[in-house]
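Should a chain be cited, it is by its letter among A, B, C, D and E, assigned in written order, with residues numbered from 1 in that chain.
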Amino acid sequence: DKLDDIIASGKLRCAVVLDFPPMGMRDDKNEPQGFDVDYCKDLAKALGVEAKIVETTFPERIPALMANKVDVGVASTSDTLERAKTVGMTIPYYAFEDVVVANEKAGIKSWEDMKGKTIGATAGTYEAIWAEKQVKGWGVGAFRPYQSQADVFLALSQGQIDATVATTEVAEANMKTGKFPGLSLAGKTPMVPDYVALIAKREEYGLLNYMNLFINQQVRTGRYAELYHKWISKNDPADLTIHGIYR
Amino acid sequence: MFSTSLTLSDVVFLAQGAGMTILVTALSVATGTVLGVIFGVLRLQLGTILAMPLVFFLDIFRSIPLLIQLVLANAFVGMVLQLETSGFTIACIVLSLYTASYCAEIVRGGIQAVPSTTRRAARSLGMTWFQDMRYIVAPLATRIALPSWIGLALGVMKDSALVYVVQVTELLKSTQILITRLQEPLFLLLVCGAFYFLISFPLARFGGYLEKRWSK
Amino acid sequence: MIEIQSLHKSFGPLEVLKGIDLTVNKGEVVTIIGGSGSGKSTLLTCINGLEPIASGKVIVDGIEVHAKSTNLNTLRQKIGIVFQQWNAFPHLTVLENVTLAPRKVLGLSKAEAEAIGEKQLSHVGLGAKLSTYPTMLSGGQQQRMAIARALAMSPDYMLFDEVTSALDPQLVGEVLETLKMLAEEGMTMICVTHEMAFARDVSHRVAYFHRGVMAEIGAPEQIFGDPQHEETRKFLASVR
Amino acid sequence: MIEIQSLHKSFGPLEVLKGIDLTVNKGEVVTIIGGSGSGKSTLLTCINGLEPIASGKVIVDGIEVHAKSTNLNTLRQKIGIVFQQWNAFPHLTVLENVTLAPRKVLGLSKAEAEAIGEKQLSHVGLGAKLSTYPTMLSGGQQQRMAIARALAMSPDYMLFDEVTSALDPQLVGEVLETLKMLAEEGMTMICVTHEMAFARDVSHRVAYFHRGVMAEIGAPEQIFGDPQHEETRKFLASVR
Amino acid sequence: MFDYTFQWSQAMARLPQMLDGAATTMEVAILSMLIGIVLAIVLTVLRRSPVAPLRAIARTWVEIARNTPALFQIYMAHFGIASFGIHLSPFTSLLIGITFNNAGYLAENFRGALKAIPDTQIRAGRSLGMSEMQAFRHIVLPQMLRVAFLPMTNQMVWAVLMTSLGVTVGMNSDLYGVTQDLNALTFRTFELFAIAGVIFYLITKLITLGARLLAARLFRY
């Protein structure tokens, strides 16, 4: 099966989204880096193979997996039931909370002010699907999906959209770069935390099983906290379990 | 004054993207031209009815957006056939067929523009069909078709900007990556546009010049 | 010897040749005259197999042209043909025009082919134009080049289809002179022409075509002096 | 009345008309003959202001053609012109060709314009071709249509520039007949032509142009019978 | 190897949404063509203008439109223009991008068509007393349109195909955008895009057929 294939080929191909700092991005030599990049490398190391980072966009990451361009996705993939019909999901390896990032000119202070505004997000993401639903529910304002997180922030800083919904990590990392003077954080969204999973083909139980244990080991050995401190913040890492539920 | 945080390594990164654009274009145009010549000749040789499936097949590549062709080919090869192929291969295959579909039309036009009397003269000297094609039709049709072919090659280069959907980092995608980091959209886009323009413009002018010269 | 036996030929519903019988012997010059559309050009293209036929036979030196087994490319090497429209290959020099077929079809070396080409081109008076491109030639010169090109294959028979009718009047003479020279050298020729003086002076026999039928054939003196057929008389009166 | 006074005209460094003086009276037919490039066509296009001039004057019915204040569009309505090349408008039917200018320039209604158009087309013998497109017409018919098109504007003067020289010989006659008819109806005409018989039979005066100069002008009997100028004699000898 | 299960019914259920998208695609294509034709005529006139800067502007437009990728032009129309503080909706950006492209290509076609009409035609018109405008309007323009009609049909087809690039500027109401959105929800990539491909194919065939019928009516000479 796939697990054997990976070990035999000596190579693990991970789909990673590289315009999604700090999970995936490029350093000033334009080499991939970030939480997801390191996570992939750890997985490869555990398997005893070499890691190969394949950059994908958000809309393209699952097609890339299905089309055998990659073996696994370490791409902050939200574990929705709809998607699980098509791909196999591991236990969560990370949990995002989403915040509103607004252009200061739009005068948005909190989620409640978003009604009637133009909201953008990255096409095909959990938060995009959620935000589009909210906008449709309000019946006013507009929703715009862009092809990448970068285009969303570009559009936001140019004032083409008034606000976006993004993960706290991404929002903070982007703000830290100092490239976005006109933007500010405007509070949390009333969205349940976005648990993300590693993905592989639905039928590759061996591989999925291995990855579940791998995620568990990452937390147990403290490597998860280490990566969290390296890329995200000095605070305590996000909780990967929900109280009162097995998985 | 104007200032940019573009570093030397970023320029190298852009150049790699440009290199990818040129590589994909060169491979696709080369393969597509060979296929196009074969299809173009076949189309004329097969007769109207027999050629219909070929005409229909080629027409598809000219009638649906290249973006959809790429997505579909990617999904088909990977999801349906379950083959492990790189995005680069998919991009080259699709662009080759795309080139071939236009090239076949150009080739057909070029061959048809060779007067039938000239071809009869060749045959009546005892030349075979192949010799006629090789020594008479090919050189004459090439002159007629070359300007359009240059236009086609440049068109493919511009259209290769779409191969980003199959994870090939060509020039426009590299530019977008740098925009993400540097947040200087206008400057970077202008650099990118200038690159396309500097390759395309002189060649297009050269094609126009050839057309003028050979139409006399 | 070229033998044509009850040859029929149609283009779609249009019957263009309605049973032609004609034998041309070695060394003979036969001229074909007749109105436009009477099937003269079609006959020539049937003789060297450029056109398929409906029924009948064309036999050249004992080989049936339209038999399935016949290698037409080999056969055409013995039958040179020159058309009304100048069919120069515009991308080749005059010498290359003439040497192409000897090299590619007969497999001669470049030097051998060029020796033959130069000889034939001097023969038709183009010895000084070897490296010129055809577009720089007059119509008459292009026609003479086409004749040299056909002769370079050392054909046993030559077919000429109104080789002068697309030429300006002052250029006709030079081409007819070349044909006359060939005839005097003993080449077997079938010439379709509208030049009555040429037909009378050069040919051994003259055939008159009318609507796909060879209405009359005979010595030039007879055809021009004492035409038997009503239509021949009318035609000759109209061209005079 | 058309008065031309010491008219000079150049194309760049090339002086094409070197001081022309000519007066054409109402009802008069003046024919201009002369070698190629002698400036005949240029003179006609200067008369209706299609070309600017260097110096001199052209006065039509008292109005100076090249004066700044002159409305050329109005002036051209009285001067019809027909050119050597058939300038049919290929996208319009024969009737539409003729009615376009009356409708758009004179502002006539469609019905009025069509009445005039039909009249003029029957006049030149094209009454049966109203809804044909010009590409379906012979050259002679196209030229007659061009004449009808000019006449439909009810011009006081007509200029003809070698209207037959691009026609096959058998079509020349019908067009010359039309011109003759117009002359007989009393139209004031200036005709540039190579048809000497026409010049002799129809015109009141014949002018001979040589290298931008009007070398000689006089009654046709005089010009053809007793040319005064050395060049006129040479020219007439060459065209005969 | 062929263990992929096609789920056409799931994709076909989304057909109404995709047809809505096709309508938006047509709307963009038609608008971009109409405005593009007007602009192309203006550009053609400017390229013959005696004023050098006007000629330069027109030439620059045409050359950029013809020598850079359409995707670049559309991206510019959204993110490039916004650098000057001008904010356009995805629809407008896409429309501007395609129109810019159309106008450039069409202007080049019109220039060729204009060359194909002999000067003597204008002369003939002027000598009948027509003004320059009248001669252009009634004599040159109709003939020019005939010569340029086939290239215009091709450009219309390209305009339809170019709408698929709208997703890069946040467009999600056109056929491609709708398809991509549906794909994000269901991941039936092959089925959804195959249906979109068929719709695009039918649209382009309809355009070619319509153009042929129109040409037969318009150009009877």
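Miscellaneous remarks
By our rule, contacts are C-beta pairs under 8 Å (C-beta built on N, C-alpha and C of every residue); 3 or more make two chains touch, one makes a residue touch a chain.
Only a predicted model underlies this, so the values are computations on that prediction, with no experimental measurement involved.
Identification of common neighbours of subunit B and subunit D yields E. In the Cα superposition of subunit C onto subunit D, the rotation angle, rounded to steps of 5, is 175 degrees.
Looking at contact counts per chain pair, the maximum sits at B-E.
Among the remaining chains, D is positioned farthest from subunit B, on the basis of C-alpha centroids. Distance from the centre of subunit E peaks at C, each centre being the average of the chain's Cα atoms. Centre-to-centre, using mean CA coordinates, subunit B is 46 Å away from subunit C. For the pair subunit A and subunit C, the distance between mean C-alpha positions equals 82 Å.
As a whole-number value, the distance joining the C-alpha centres of subunit C and subunit E reads 55 Å.
Between the CA-based centres of subunit A and subunit E the separation comes to 37 Å, rounded to the whole angstrom. Taken residue by residue, subunit B touches two or more other chains at 71, 75, 79, 82, 179, 185, whereas all remaining positions touch fewer. The set of subunit E residues touching two or more other chains comprises 79, 82-83, 189. This structure has the following touching chain pairs: A-B, A-E, B-C, B-E, D-E. Taken together, the subunit E residues at the contact with subunit D in this complex read 118, 120-121, 123-131, 134, 138-139, 142-143, 146, 219-221. Of all residues in subunit A, those touching subunit E in their complex are 59, 62-63, 66, 82-83, 85-87, 120, 123-124, 128-129, 142-147, 151, 154-155, 158-161. If you check the complex, the residues on subunit B that touch subunit C are 115, 117-118, 120-128, 131, 135-136, 139-140, 143. Across the complex, subunit E is touched by residues 48, 50, 73-77, 79-81, 83, 85, 87, 89-92, 100-101, 104-105, 133-135, 146, 149-150, 153 of subunit D.
On the side of subunit E, the complex with subunit A involves touching residues 78-79, 82-83, 85, 87-90, 167-170, 172, 177, 180-181, 183-187, 189.
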